[in-house]
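Structures incoming, each one as structure tokens.
The two complexes that follow have chain A in common; it is paired with chain B in the first and with chain C in the second.
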Partner chain A sequence: MTASPGTGQHPSMDDPRIMLDGQIGQFETVPPYPPRTERESEFYSLRDGEMFLNMGPQHPATHGVLRVVLKINGEQVVDLDPVLGYLHRGVEKLCENSDYHHIISQVDPLEYVSSLFTEWAPVMAFEQLLDVQVPRRAEYIRVLTGELLRISSHILYQGWIALDLGGLTPILYSFIERDEIVEMLAAITGQRMLFNYFRIGGVNGDLNHEFMSRLGDWMSRAAKQHEANIGLLNENEIFVRRMRDIGRLDRTTALRMATSGPNLRSAGVPYDVRRAHPYSVYPELDFDIPVRGTNGGGDSLDRYLLRMDEVRESLKIIDQCLHNMPDGPVMARLPRLLRPRPGRAWAAVEAPRGLYGTYVISDGTDQPFRMKIHDPSFVNMQLVGLLMKGNLIADTMAVMASLDPVMGGIDK
Partner chain B sequence: MDRPLRTRLETRFADKLTGPVRQRHDQTEIRIGPGDLIEVMTALHDEPELCFELLADLAGVDTGDHMQVVYHVWSATTPDWLRVIADGLPRDNPRIPSLTGLWPGAEWMERETYDMFGIIFEGNRDLRRIYMPPDYASFPLRKDFYLPDDAARSPGGGVRHMEQTVAPVQATERVVRRTVKA
Partner chain C sequence: MTALNRSWGNLTAFGKVILPLLLVVLVVLPVLAVLFLMFVGPWLMDVLNSNLGIVRFVVAIGGVLLFSIPAAFIIIYMELKVIAYMNLRVGPNRVGPGGAAHSLVAGLKVLTKEDFTPSSADVVVFTWAPVLVFLTCVMTFLVIPFGPGLVGQDMNIGVLYLFAVGGMTVVGLLLAGWSSFNKYSLLGGLRSAAQVVSYEIPLTLSVVGLILLAHTMSLNSIAEQQSGWFTNWFVFRQPLGALIFFIAATAEANRTPFDLTEADSEIVAGFATEYSGMRFGFLFFAEYVNVFIVSALITTFFFGAWNAPIDINAIFAMVGIDPITVSLDPGSLGIGLVLLVLSVPVVMTLVFAAPFYLARRSSPAWQSLVLGFLLFNLVAIGGLFMLTYISWDWVAGLVWFMAKAFAFVYVFVWMRGTFPRVRIDHLMGFAWKWLLPAALLNLFITAAAIVVVKSL
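Showing the complex of A and B:
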């Protein structure tokens, strides 16, 4: 932006001349350089009747700063090209320059809707490197808080998906529940969103009275409230009609697209990391893995309903955690400065959006040599391009919202 | 640890493995050359007694000496994670075949690895930068790329390295301070 001539002052953003002189179309739909790949040249060449439509990077339905270039023919989406990177912070590089304890706070803002899971996978990987035995009470607390956050994330998903389709009411009820959950987590962690609660070898603090009393109050009405909330949407004809048969994903495609989590389970694959690679105390707990779309794959409605089923299972897990919670310490004894022996470790947890994994290489210093974070939203986001072809523009919202992406994790 | 899996892998891929099969915690690890990748991965994916259907992760690694691409795959036939390390990619021209023929979902993961390490995945139809801007020329996760507070030792020698577009190949001095035997 150039300074206003003659004044010598830095231009103010309120100056109306900026709108005239400045770059208005900063996000040109067609890139100002020749196509770099086969796919790009295919996408950015138009056939008869087609046009480009730029959506984002700021758009209420993209769940963060995502830009999608749609190639449309009338109302129909022919193809689309998601453009990422507006939220890229280089978290992996930062982690490789932080010591092991510090990393827990670095990874927190990745998936900011359910940030305990972003701590859980790295912490588990570091514990493998160090061969630490985590106290059982700490494992139960991890499962308890994790499942609470899974419920909060899925409930928020219900609100967002309705909002993207034009329904305002469910999100108000979603936030009542979510607020109660983050408040009780704030009672033990001191934070409402980026908890920074898990530690290598345990958790930061034991459960306290405020948490337990809030949890008890909430549990006494949670199941009933959940059924009431899903009744708002499940019995809404507009919602069901807009979700049914839109964006159908079958088993083979889902596996080939490396999808995980609820999106994979709603395509008929009963894959859940909690059962496939049991970690923490999940083998001791009794819960089911909801699966939908076993004949012919699942649509957007299946993906929504599956998450609502998962909330019921999570409530079951929380109930068992509260009954089986052992006494004892919540932290293993560890030195302040951790120098694991050189080696490699991979740990994955089942986050609300799918498999959340961390691959760590230690070179014997107090910082990991390489730390790779696998975020489920990143992989699931690829499905948008696949599922959208042939649908209407208005359904982009339904499909994208039903995949439940979080841009913080996608852009890392 | 799944001991039978180790025997199965050793007998099936005896001529392909470039190192011993390692097992630790719930992970089994095999090491292959980049040329054998497609053959090994197709066998792992297709053969019913292996049946590794889900690609859980794809990670690039710059050991400071050479590059690796690390795949984690899941199968219902074993409780272990299988880690496949495609080893020994030269740092000045890392090339490896793309897995998008087997798992189209690997496309973005390969784009990310290309963006961060400059590893060329041959056969990926859309190998362009995914996070960094198109005119960016460095590969940030390489071990000769330093954070801005460490700029004096970075290849461009600039003050704000993150904003520079100097490719490591054009840099006058390339320093790798940390290496690992991975």
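Showing the complex of A and C:
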């Protein structure tokens, strides 16, 4: 099945003969180059009864433009190969050619479901470089908006997972809640999705009346609505049977694969950046870190339930933020053009999908010399190959949806 | 004459040709028809009368084909709208009142789309597979009794025919999946083969107990045996059988939660992936016709077919009314009938208009008259419906049958809005480990009960 090297040049697309061929439009799953690694040559050779199933990049259930080549034997997935890069935009290079203020808008569309966290980590790293003290009110606003967005992301995750398992209704209920949240964030940021709200040394604007009234309305029914929405799925026998014992991730594998976030906590490791490396005002807030799968690792159902627990904790944090929020400025005084001292900084936040980190090297100019973005979706995506082997085709949806990847962050 | 000349001059060339032709057709055709009826009619009637079975069959096929498309349209619209309300959406609301013509327009769209064939597809099989699927679906209608006497063919092996023809649908799906030259289609076709063949067995076995009780395989006589009060329905004598039949029939119709063959998040659209245009339309219609058939079968077998839940004759007898004497003989009225027919609308319009006129004197009188006339029409239509309901039992039967069948269609739509999809191994495990033993148990209990009751 593999193309051998030196078989002559491929016919050009302008060659008229290719139109007579009849083979045009039929894409080979096998790459058009000879295998580069041992793993590739092993994967792209078929045994008896096996076939390739090319899923994506335009497949309804791959959460963006992910292409997964499945090697299947009947309904069973023998092996699989995720092919990334269909959404690569070179954001890190763009950041290295923008000045520090512009970077915030460059990183925004990376993880488009929870874009405030993609701003938060670089902003924190730049503040370390510049030795800026962020006003306490700004920190509280960051935590408040961040936790709102975490809820929105987890609620959307619930709808997605139901849609991938064939349930039509929960996604629309999820979108109602998400719409409330993005509308209230739009009241202070002016955007519904790519907020561009955090600034080096604070946030772009103070909370306003519309935000507070929307938030108050929503908070009065959010917890009850959340319980009602998860009641749709958690009590459903078909859903539970399709999620339980599928894609079990044990503690050592999770740690070895550098997993983070809810996927790690559902494998029994109580690691949360908000507790392990406290930042912002999280040390002052009282919340629990939900952990599941402490005996023998977590399955897809654990990963789902843990995120639903986290929504409750986030609601607690929002409540405390509203009670403890101090008065004062929301922006530190900073010059227009930032030239940090030469040096390097690392900052990490707990995004809805795990540890979201930024590593910056400054050479003293107004642009970073190097900026590396650590995206949790990319790291968690490594697990797909491990967790899906031996399952059925239908389970690949359950596993992939339960890992909650966002392709914008994976391809960068 | 000049006016006629002028209008003739205004006609286009096409009009000058078509108008005389139209006149000829309008004059000549009725004459021909009368002549035909005079000379050939009696002979034709003799031929038709002597071959009544064949005539009935042809008429039934025509009726079934004409009926199945609107039924599918109604179910598609119902599904769009009901699921929309379950999802807190509005659903289709553009074409027709409340979007009622939406599925009709969608059907037109499907008709006008390009009928695409993949270059590597097996063209003959690819073309005829949807026709096979649709045909086998529609053929099932032949034995379903929609009302007393409203049955295409009252076969004495009706149940057998039903399962034989219904089982053929899977051949069409498999062919569609195989001939498309697409891996998703292939998986969908194989899934449907595995699923339908597995669920065929509990489906058939769940009805065997009922056949033992009913002593017949004719659907018409199964329906007749359930007349009277609703306690005569077979669901009360075969509750387990009814449950198994419902579940297995859901899987047979490829409906959620058993819609693995077209699982959109796994295998794109299953066997229908490569289809477009009216070929896709056939597959699509077949699915919804199937939903109606399954609902109609559940109604026929277990929920009293066309019988009303209340035995209205028994109530009349209890109260002491004979409905036949109540109904009026119009011939006895003579010339009075004309006066009655002329006066009733006028008098009743005035009667209905009076309250509106008295309530709102400020508004003009004609408004209340219009309202009164409309109200009279509503009441008259209602009254006529009641009269037909009482006098012709097939009207009553059709109304009850459709009401029950669409109640089950609603249940299927409701399930689609609520359930996720089951996995293939759960699906097969459920069929072989639970449904089949349960169906056998049901059959055993029924047979044993019959033996015991007879020996007593």
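Heads up, the rule we're going with is that the second predicted complex is superposed on the first by the 385 of 412 C-alpha atoms of A that agree within 3 Å, B and C clash if a C-alpha of one lies under 4 Å from a C-alpha of the other, contacts with A are read in each partner's own complex, and residues count from 1 in each chain.
Please note the rule applied: contacts are C-beta pairs under 8 Å (C-beta built on N, C-alpha and C of every residue); 3 or more make two chains touch, one makes a residue touch a chain.
All of these numbers come straight from a predicted model, not from anything done at the bench.
By the touch criterion defined above, A:Leu163 reaches chain C but does not reach chain B. By the touch criterion defined above, A:Arg214 reaches neither chain B nor chain C. When both complexes are overlaid on chain A, the residue A:Lys316 reaches neither chain B nor chain C. A simple residue count on chain A separates chain B from chain C, and the partner touching more is B. Of the two partner chains, chain B is the only one touched by A:Lys372; chain C is not. In the superposition on chain A, contact of A:Tyr33 is made with chain B only, not with chain C. In the superposed model, A:Leu53 makes contact with chain C only, not with chain B. Judged by the touch definition given at the top, the superposed model places A:Arg339 against neither chain B nor chain C.
Of the residues of chain A, not a single one touches chain B in one of the two structures and chain C in the other.
Chain A contributes residues 22, 25-26, 51-54, 59-61, 75, 162-169, 172-173, 176, 233, 236, 238-239, 241-242, 392-397 to its touches with chain C in the complex.
Chain C makes touch with chain A in their complex at residues 83, 86-89, 119-120, 183-184, 187, 191, 256-257, 259-260, 263-268, 416-426.
For chain A in complex with chain B, the residues that touch the partner chain are 31, 33, 36-40, 84-85, 88, 90, 92-94, 96-97, 128, 255-260, 264, 271, 276-277, 342-346, 348, 355, 357, 359, 361, 363, 365, 369-370, 372, 374, 378-379, 381-382, 411-412. By the touch criterion stated above, chain B contacts chain A in their complex at residues 24-27, 29, 53-57, 59-62, 70, 72, 74, 76, 79, 81, 83, 102-109, 112, 116, 125-135, 140-141, 145, 147, 178-182.
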